[in-house]
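Please go over the structures that come below.
Heads up, the next two complexes both have chain A, just with different partners, chain B and then chain C.
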Partner chain A sequence: MNKTPYAELLTMLSRHRGVVGSFVVSERDGLSIDSNVQIGVQAEAVAALAASLHRKARLACGAAGCGTVTFLRLDAERGGICAAGRDDLVLVTISEARANIGLLRVEMMRAARALT
Partner chain B sequence: MRVAVEQWIEEPLLRFIDDSRVRLVLLLETSGRVLAQHGFTRSIDVMSACALAAAIHASAAEIGRQLDGNAFTMLHHPGNEQQVFLGELPTARGSHILLTVFDDTTSIGLVRLYFTELSTRLAAATPAPAAVIPAPSLGDFESDLNRNLAKLFGRI
Partner chain C sequence: MADEITRLSDDLARDPSSLVFMPLADALRRAGQLDVAMRVALRGLDRHPYLADAHDVLARIYADRGDVERASDEWEMALRLDPSHAQANLGLGFVDFRRGNLESAERRLSAAGVDAQPGVVAALAHVRAALGSRAETRSMPASTGAVAMMVESPPETPATVIANAPPTRAPNGMVATPPATPSVSAVREFPAPDPSRARQLFVSALEGADQSALLVDADGLVLAGSYTDAAGHDVADIVAAQLAGVSSEAERAMRHLGLGAWTSLLVEADEAVLAMMPAPLGSLVVVAASRQTPVGLVRLLLDRALTRARDWLARVS
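Moving on, here comes the complex of A and B:
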């Protein structure tokens, strides 16, 4: 199968300590365009739900007059989900609690700027 | 107004509607007999939609068989403002068809996700068939269809 233009970017994000999956998702459709996930990750479910989450965050920030959403972070008991979007594309990572979120955020923001 | 003709369909379907945020839902047998509906206000619309959904499902399945050797079981048509998703739900009582219409308050990714959950829940909730059900004759089909529509639109 041919690689998408996002394959290298996703591989780079998945090399971070504690990252178990990374995706490029269409926000409108909630479908994964490309993903790099460990076995056991429910990629389709996470892609659909994370895209919906990003869309709602974008609408909430717009309604609140905060402007465009740049980064979304959801912390949970054993890890978290981060998302950074540009136009209709959203870059999503799933990480364990041991991940360095600060470093991951920098990489994701940089990668999101390159999304086309 | 009730959602489903039979009680066992009600809970899984209401959960699907609640989770996926779709606007219109029809659950029908592959013959076109309606089993459940949500969002329709006129029985005539349900009748037409059931006939069309059954025909689309049969056509898509046959195209799949001709092209791929396997029937296509899901179909998605995105419009400018509204989208249609049609999928097959296998149960112990045979295959059913779900037709749903949604807008940009949800997405095809979410609809597919909750459709998969509905399929699991519906398969688990389906009571075992009491006996071999004969294929309905034309007269039976019409009377069954009318009875189900009357149940769904509160006339029974």
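Moving on, here comes the complex of A and C:
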């Protein structure tokens, strides 16, 4: 199977402490373009939901005159999801509570700028 | 006082689910540590949201902070939970007096059931005198301003009255100390009742003009709050509509991942930060702030807005 242009990026993100999966997803249809997830993570379903959340956030920010969404973070009791997008592509990571979100945020925003 | 706070803090540390948070919060309030007192009270209310006494303690803290609107909300909540709550009636009685709602003030002070206390008796007498003067004025030509002055003038010692009121009931046999002086000046500044109060729900919870807050229901309809864009246009409805379903999608995503319930959603954009939290009845609290606002402060504002939203929903639903 051929590697996508995102494979290296996803591998790098998945090396972060507490990150259990990362993927690039199309915001328009919620389909995963490439992923690097641990066994047991329901990547497809989560990718679609993360893409939908990103889309809603983008539209809400547009309506509110807040400009372009640069980073999104959904927190839960034992972890969360982070997303950073560019155009139709959204970079998503799934992390446990022990992840260093600050570091992950910086890496994801930098990586998102290079998404094409 | 310091010893008492230390002892109560130790008690609470040993058993965080105990009701000792009430006397602790009140002791902190009396010591002037209002921010800490509020945190203790709010945390306690998270665990025990249906305790009228706890809402009464929080109301006193808000009153001392000068936030009489929230104090009033908390006392109203205490009365919903316990319609005979003396302290809540007393607090609302003075709020009503300051608003000029003398009939309501008289009713609440009477209902406080603490007539035996000299201070309350004096305050009640003052309110009744003002009521009597008002009645007399109605039968006189409207040429005198004397009655208006009398009604607007505060009772002699409203603070003393509340301070002398009976101690807060002490659950589990704990000693709850008598309330101390509330912020009388704050009561004096209470705004007139506003019919568009839902729109103003979060105003006192926010810190600046560059911040907005909304309460949005599960269908993306605005329940309370307001949102204007940089040009001053009201965009609350459209923002709320775009956020319809966020709560359910976040919940589904977390269920798929087994990460527990979702607690907050933070969206950073070029010009602003949007933060959201799930609220009761499937609703969503949204706070927006400019990018200059530290993210940590946005989360704090979100906590405040959620507290207001919970109380408001409990009252109106």
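Everything that follows uses one rule, which is that the second predicted complex is superposed on the first by the 116 of 116 C-alpha atoms of A that agree within 3 Å, B and C clash if a C-alpha of one lies under 4 Å from a C-alpha of the other, contacts with A are read in each partner's own complex, and residues count from 1 in each chain.
Definition applied: a residue touches a chain if its C-beta (ideal position, glycine included) is under 8 Å from a C-beta of that chain, and two chains touch if they have at least 3 such contacts.
Everything quoted here is computed from the prediction, not taken from an experiment.
With both complexes brought onto chain A, simultaneous placement of chain B and chain C is permitted, the two fitting side by side without a clash. In the superposed three-chain model, the partner touching more residues of chain A is C, compared with the other of chain B and chain C. Of the two partner chains, chain B and chain C are each touched by A:Ala45. In the superposed model, A:Ala114 makes contact with neither chain B nor chain C. Once chain A of one complex is fitted onto chain A of the other, the partner contacts of A:Asp29 are limited to chain B, with no touch recorded for chain C. Once the two complexes are overlaid on the shared chain, A:Val106 sits clear of chain B and of chain C alike.
Once both structures are fitted on chain A, no C-alpha atom of chain B lies closer than 9 Å to one of chain C. When the two complexes are superposed on chain A, the residues of chain A that touch both chain B and chain C are 45, 49, 52. Residue ranges of chain C in contact with chain A, taken from their complex: 227, 229-231, 235, 238-239, 241-246, 249-250, 252-254, 256-272, 274, 288. Contacts from chain A toward chain C in the complex involve residues 41-42, 45-46, 49-50, 52-53, 56-57, 59-81, 94, 96.
Chain contact summary for the complex, chain B toward chain A: residues 104, 106-110, 112-113.
The residues of chain A lying in touch with chain B in their complex are 25-26, 28-32, 44-45, 47-49, 51-52, 55.
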